[in-house]
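First the structure, which I've put down as structure tokens, then a few questions once you've had a look.
Lettered A, B, C, D, E, F, G and H in written order, each chain numbered from 1.
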Amino acid sequence: MAVSVQPVFERPKVLKTTATHYCAGCHHGIVHRLVAEAIDHFGVQDRTIGIGSVGCSVLLYEYFDIDVVEAPHGRAPAVGTGVKRVHPDSVVFTYQGDGDLAAIGTAEIIHAANRGELMTVIFLNNTTYGMTGGQMAPTTLPGQVTTTSPYGRDVKVEGYPIRMAELIAMLGGTGFSARVAVDTPQRVLEAGKTIRKAFGMQIEKQGFAFVEVLGACPTNWGMSALEANARVSGEMMGYFPLGVYKDITVSA
Amino acid sequence: MAVSVQPVFERPKVLKTTATHYCAGCHHGIVHRLVAEAIDHFGVQDRTIGIGSVGCSVLLYEYFDIDVVEAPHGRAPAVGTGVKRVHPDSVVFTYQGDGDLAAIGTAEIIHAANRGELMTVIFLNNTTYGMTGGQMAPTTLPGQVTTTSPYGRDVKVEGYPIRMAELIAMLGGTGFSARVAVDTPQRVLEAGKTIRKAFGMQIEKQGFAFVEVLGACPTNWGMSALEANARVSGEMMGYFPLGVYKDITVSA
Amino acid sequence: MNNRLFVKGNEAVAMGAIEAGCRYYFGYPITPQNDIPEYMSREMPKVGGFFLQAESEVAAINMVLGAGAAGGRVMTSSSGPGISLKAEGMSFMAGSEVPAVIVNMQRPGPGLGGIDASQADYFQAVKGAGHGGYRLIVLAPWSVQELYDLGMLAFDLADRYRTPVMILGDAMLGQMKEALIPHSYHRPADLPEKDWVVCGKGRRNHANVVKSLMLKDGELEAHNWHLHAKYDLIKQRETRCATDNLDGAELLVTAFGCAARIARTAIDMARGEGMKVGMIRPVTVFPFPSEVYLQATARTPKVLCIELNNGQMVEDVRLSVDRQADVRFYGRPGGTGSLPTPEELLEQIRKHYKD
Amino acid sequence: MNNRLFVKGNEAVAMGAIEAGCRYYFGYPITPQNDIPEYMSREMPKVGGFFLQAESEVAAINMVLGAGAAGGRVMTSSSGPGISLKAEGMSFMAGSEVPAVIVNMQRPGPGLGGIDASQADYFQAVKGAGHGGYRLIVLAPWSVQELYDLGMLAFDLADRYRTPVMILGDAMLGQMKEALIPHSYHRPADLPEKDWVVCGKGRRNHANVVKSLMLKDGELEAHNWHLHAKYDLIKQRETRCATDNLDGAELLVTAFGCAARIARTAIDMARGEGMKVGMIRPVTVFPFPSEVYLQATARTPKVLCIELNNGQMVEDVRLSVDRQADVRFYGRPGGTGSLPTPEELLEQIRKHYKD
Amino acid sequence: MSDNVFMAGYGGQGILVIGNLLACGAILEGHNASYFPAYGPEKRGGSAMCTVIVADSEIGSPVIGRPRVALLLNQIAMDKYFSQIKPGGICLYNSSLVDHLPSQRDDLCLIAMPANEMAYEIGNPRLVNMLMLGAYAEKTGAVRLASLKAGLELILPERNKRFIPANVEALDRGAAFVRDSVAAAC
Amino acid sequence: MSDNVFMAGYGGQGILVIGNLLACGAILEGHNASYFPAYGPEKRGGSAMCTVIVADSEIGSPVIGRPRVALLLNQIAMDKYFSQIKPGGICLYNSSLVDHLPSQRDDLCLIAMPANEMAYEIGNPRLVNMLMLGAYAEKTGAVRLASLKAGLELILPERNKRFIPANVEALDRGAAFVRDSVAAAC
Amino acid sequence: MKKIVIDEEFCKGCGLCAEACPKKLLSVGKKLNKQGYPLVEISDEDQDKCVSCALCARVCPDVAIRVYRQKKAQ
Amino acid sequence: MKKIVIDEEFCKGCGLCAEACPKKLLSVGKKLNKQGYPLVEISDEDQDKCVSCALCARVCPDVAIRVYRQKKAQ
């Protein structure tokens, strides 16, 4: 009986064969792969345009074999708006961190969602500013120690972590908003489906599509990769519940 | 039987005796008076600091006999944050229009609310940029003709009007959020109470307090004062329902 | 109307832009340039173009960045505070070499300041609003006609050099109306292909990336030298300047934009009084027409620079003439009720003519 | 440690600020100055001060505006893109005369650029990031000690002149560590009362208003003349410059900040080779020490200006010396792997010394 | 032909419309012309003012220190601009709203026109501006009435075109006032 | 005393810590010293490098084109900086991770130190950096070991102070290596 | 007695007060103030009919109306 | 046959795969790659035990694992 070898899991086509600059155990890498798989799934590499943001994922274009514009910090949704209006048939996604999207980029993300820009937003929430060395983010958990909340986030002074998926779901132009995580194989699978859905919404012109991904930043959390991975369900999910917050393709 | 004359309605003390530059029938004037009455009510003129915004109400300091800082367009909540942190016992309010607060100032208002800055925000929503001549605002109603939506606001391109009172109510630091109108004597009375409440919340350190006031802009709506006044309930309230959206002093 | 239209300056620059194929406009209202977005919102749909009022100037300039990176001819406009807010975006566009046109209808500052004519943003436009030592090509129209003409030229310059171009107008030029003779845009045959734009990589065998972060050893430095070589090329090729009656002049008067406009009348009055006054009016303020000043002052070593500010272009004039000329300055910073009159400038010309 | 501390530049400026009574800090992270907000977040609570990480640089500068208007000694810091975003706010603060201290630890641009040392924001700092032709006092430290010392002085200057003051550092100064001798702050006895601040009108018989909009006839113009008179006073009183070995020099080398630091070693090497090289190092770049150059070049009419950019301060040097000197330039724009070395600058000194 | 004019009054009086119209009419006739408004942050209330220059040569400055002619529609405008009119020039003012001249000037041709009353007479109080402009055209000859009438078509927004006949009438009435009035004979 | 040194290796090898420590130790001794890191946007992975200058006069440039000494902790660092070392200078490298020199240089004192192996020996693989610094101090005399040990107290973050004894041991071991090794005798 | 006093410097003739008055006592007249705004008016007769309810004052954007009530002294 | 292939250039030794493997076949070893990261390892023996479930690959942030399955040809 002849035996052949069949691939079960391989690198998505759209991902270049380049080692990333991410730290060991950083979830950015997983989310990159899921985005790449979604692009492969729809066969739209040729018309996909990525909008990079400023954060650890700023080097996006080193990893994805697609056209990319690098946006100033927080402005990816505005840059994406400009790109999409010139090429309405392209597939535009932004890839943003929590500092980028939920702090400096608050106005841009809210208004892009409200306008119903036909784009997909991948939002990696790791409760800190990874790239700049672990400062407090709008999503930093109460009490969490960061380099700019050395005594722990004090909600009386610094407010509560912002729940972006819920906020975005409230806006008129939003077609889809969900929160996922990538800390277990099962959740990675779910997250992949959700991201694929968010690309599909755009392709079918169903409004603004937003996916918040809870992600680990072992380096700035001062944890090992495994500890950091465990924190995602251990600490983050309590405050940031997973789920779909809006989906206009599903009737309530 | 001797007869004495008793005042029933007089100018609030904190309002200077200066004619305003507002157009005939503009609701800014009413809201100014209600704010002045709230300050008088609490007897806090001496420690109140107004933060002016950029819009028709930019000349605030000409009308209120209180200390005022003029903020750049949209940034009143940030300026107020700076002021309040230096004088924690002062009573700080911002007075902003819909262009100022819901467009360029989106990030600042959301984060001030989220931080629970102890300030009162008076937000006059007149569905247009009054000062600059009637351009589309984030709160412009679907189909509404403005100088930059000459064919009517097209929700497909420009999105839906943003409901700020509801959005602000979602944020952790918000103590109070409500929407009122000033188009009838009864509603003026209600609005006055609500504004007073919002000042009271600050004085009692109960979080960020937000009052959205639906207001008429006869000039840029191209209407007479009476027509404009009628539009508030006729067209605006359908999209912007009056009500209290959050009040942490009341248990649900 | 013998093919002359009667047009407001703000609308003229928008008309020129659309004629030159501008099909994307992103902006945010601010006095004194609101006619531009208003015109665009009305006219863009008619030519299949696209108008969007952004949530802020910051968003607007970044939409412009996106549309420019995507290959569209795109424009924004603002004034004072709004231009300041675009500083970061302009620096990004210069850094990532994205062509676009930015109109600044100057108003007086600092801060909210006022809404009348001013030229107080010369330094900002010419020396560097944003960080990183980039340059914008800066065009300085002085009439409704020139707003229209330069409104076309700006797009060609932007595309040719892959650079943001600023049109530096002011409240006077934007708000005034006068005759305009419209004409058709002709695309220069030698404009480079936009093979660098993002549009989906299609069948290209490489992806296009528009970016300004450069972290590899030596990469950023090489890029900056490249940009500055480009600026040198622009200086050689694109300097524009209008002059008159330089021969035999005893005094050179120089000004740009609205100040030149007012000075024009004052100079005519002075000539009426028999004074020999030459006029130099830079049409590009970056690149600055240094050579013109150098040559003119070799013969007439006295220059009066007039500006609606406290002295900005005069530095470039001084740097141009270096060791030769006596450069004087007359300026007022603008504001309500503070526009100089031709009579006032005539007085200055008389004074500086004499001593 | 014989009372010398071993301190990082970024921390030194924050230490100086706190010592000088700075009690409010609002900022947003950006490399290479993150140690400043981090230090402030740690230390402010210990002295009863207040630290807040703003949602953006735009918000931060406006919080600074508010706190400054309320009478607090307040500071923010950023770099490159973040400073650009503060342009509008800085213009407002200049216009409404709000004192505060803004630190720019320069990184190279344009756009995202890089995170190494650069001086490409000289024009932005000195000529006008924002609109409206205002000026900032701009201090240019060159050592950890000077970051600390000027970090104190900045607050006094800000309060004395009711103006925002910028400390123009760079990634090299911010990231390096060296010895620092701390000392106590002494408040100048003649600092004016802050009777103009907003704090609730209390029993004052007038309300205080901090604003920049001026729409009454002539009001804005008068205000601008007032501001410019203030700038002239600052020029007279606050110009600071370090010089050495100007007597008998055959070549003057001039530089500020990190470039001066590298040049320092190159000059020492050149002197070791017997060259007579003088050094001029502006400590304030606005006001610019024009007089120093004017006098020095009267005797030594050859200047080599060295900058970590493509030529910015050199314009002010040229404007200072006007008709006398031969001003040369050597610059590199910065970026990873692109910091000039003393050896490289020595080569330049040799070259310009000779011809 | 060449002239320069200040026009000033309340925001609602239609000053900017007649400034526009004058410049437009002059351009229609083949002259050069510029129109330059002073405008407030409030397009409402407040005051309105503009400068119009008509010339056959190229127009330099659209602003001028001392106009040859001023059309002053209320007391505030009168108080502000009367003294600036060039000696030998013309001051045409709305005597319905101007109750006194700020100073005595013998070097001007003064024309007092009760424009509000006249406007009521022709049944439209909003046409004060056109009455004044008609008078100006008649008095100075800087532009023909016919050109102004033609200009209305270009200047008025679509929704106001139905008022063209009324505007034309007002222009004519203004012109007639100057022709017939002794006061305007200077 | 005066010296200038490049130190380079992986991000995780503690390069910046020993750069800091050297400068701090020198300052404790009363010298002047500067420490200047090259740092990436990623504080993670990648490579780390710093320059330390020690002098008794005032320190000018904290950067230098050609260092007298280089401490190179891996192959990448070796490939990048070996050629820059000043003739007559010293190259102290981690032979555990450097398998070849990029070129032949006879003008240097080359000291190959199997630092990873040595670190395993003393039971803590993270102390490669201290071993190298100890060797540097011993070899050059630029700073006393005692000053470095004193500096540890000031340099290490609170949570790492418990490792001071191990660090001290590593410094000593590094110094001993140089004293005892024939390879270091140049 | 005048129950309501209209401040002519402040009134802009918007007519909101007239709309609000339950007794319909107010109307915008022809008289202009210094700013050129027509003024709202009430006749002496109507002053008598006024019930001092202050609804007019409450909706006036320009705080141009003061309202008084006659009170019997005890 | 190798059911999983670990790419040494990509692996950073984070150990997430090891944690995810239901068979506990993977572990982070001492060998460093060029970037200085320790590599995850699987013994040849364990390769045989591998069920090609790809859970390891799915959680690998560095896409350092490829997974194959033996299939009978029909």
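Everything that follows uses one rule, which is that a residue touches a chain if its C-beta (ideal position, glycine included) is under 8 Å from a C-beta of that chain, and two chains touch if they have at least 3 such contacts.
Source: prediction; values computed, not measured.
Path length between chain F and chain H in the touching-chain graph (shortest route): 1.
Comparing chain pairs B-C and E-G by the number of C-beta pairs in contact, the larger count belongs to B-C. Using mean Cα coordinates as chain centres, the one most removed from chain D is G. Chain B and chain F, compared by their mean Cα positions, are separated by 63 Å. Averaged C-alpha coordinates give centres for chain D and chain H that are 54 Å from one another. Between chain C and chain D, the centres computed from C-alpha atoms are 29 Å apart. Centroids built from CA atoms put chain H at 26 Å from chain A. Shared interface positions of chain F, i.e. residues touching 2 or more other chains, are given as 41, 45.
In chain H, the positions touching at least two other chains are 12, 35, 37. Counting partner chains per residue, chain D has residues 31, 52, 55-56, 58, 81, 88, 92, 96, 111-112, 115, 211-213, 215, 336 touching two or more of them. Residues of chain B that touch chain A in their complex: 103-107, 110-111, 114-116, 138, 155-162, 166-167, 170-173. Here chain H touches chain F in the complex through residues 12, 32, 34-37, going by the rule given at the top. On the side of chain C, the complex with chain B involves touching residues 28-31, 34, 37-38, 41-42, 45, 51-53, 55-57, 81, 111-112.
Of all the residues in chain G, the ones that touch chain B in their complex are 1, 9-10, 12-16, 19-20, 35, 37, 52, 54-55, 57-63, 65-73.
Put simply, chain C touches chain A in their complex at residues 24, 26, 50, 52, 54-56, 58-60, 62-72, 74, 88-89, 92, 96, 198-203, 207-213.
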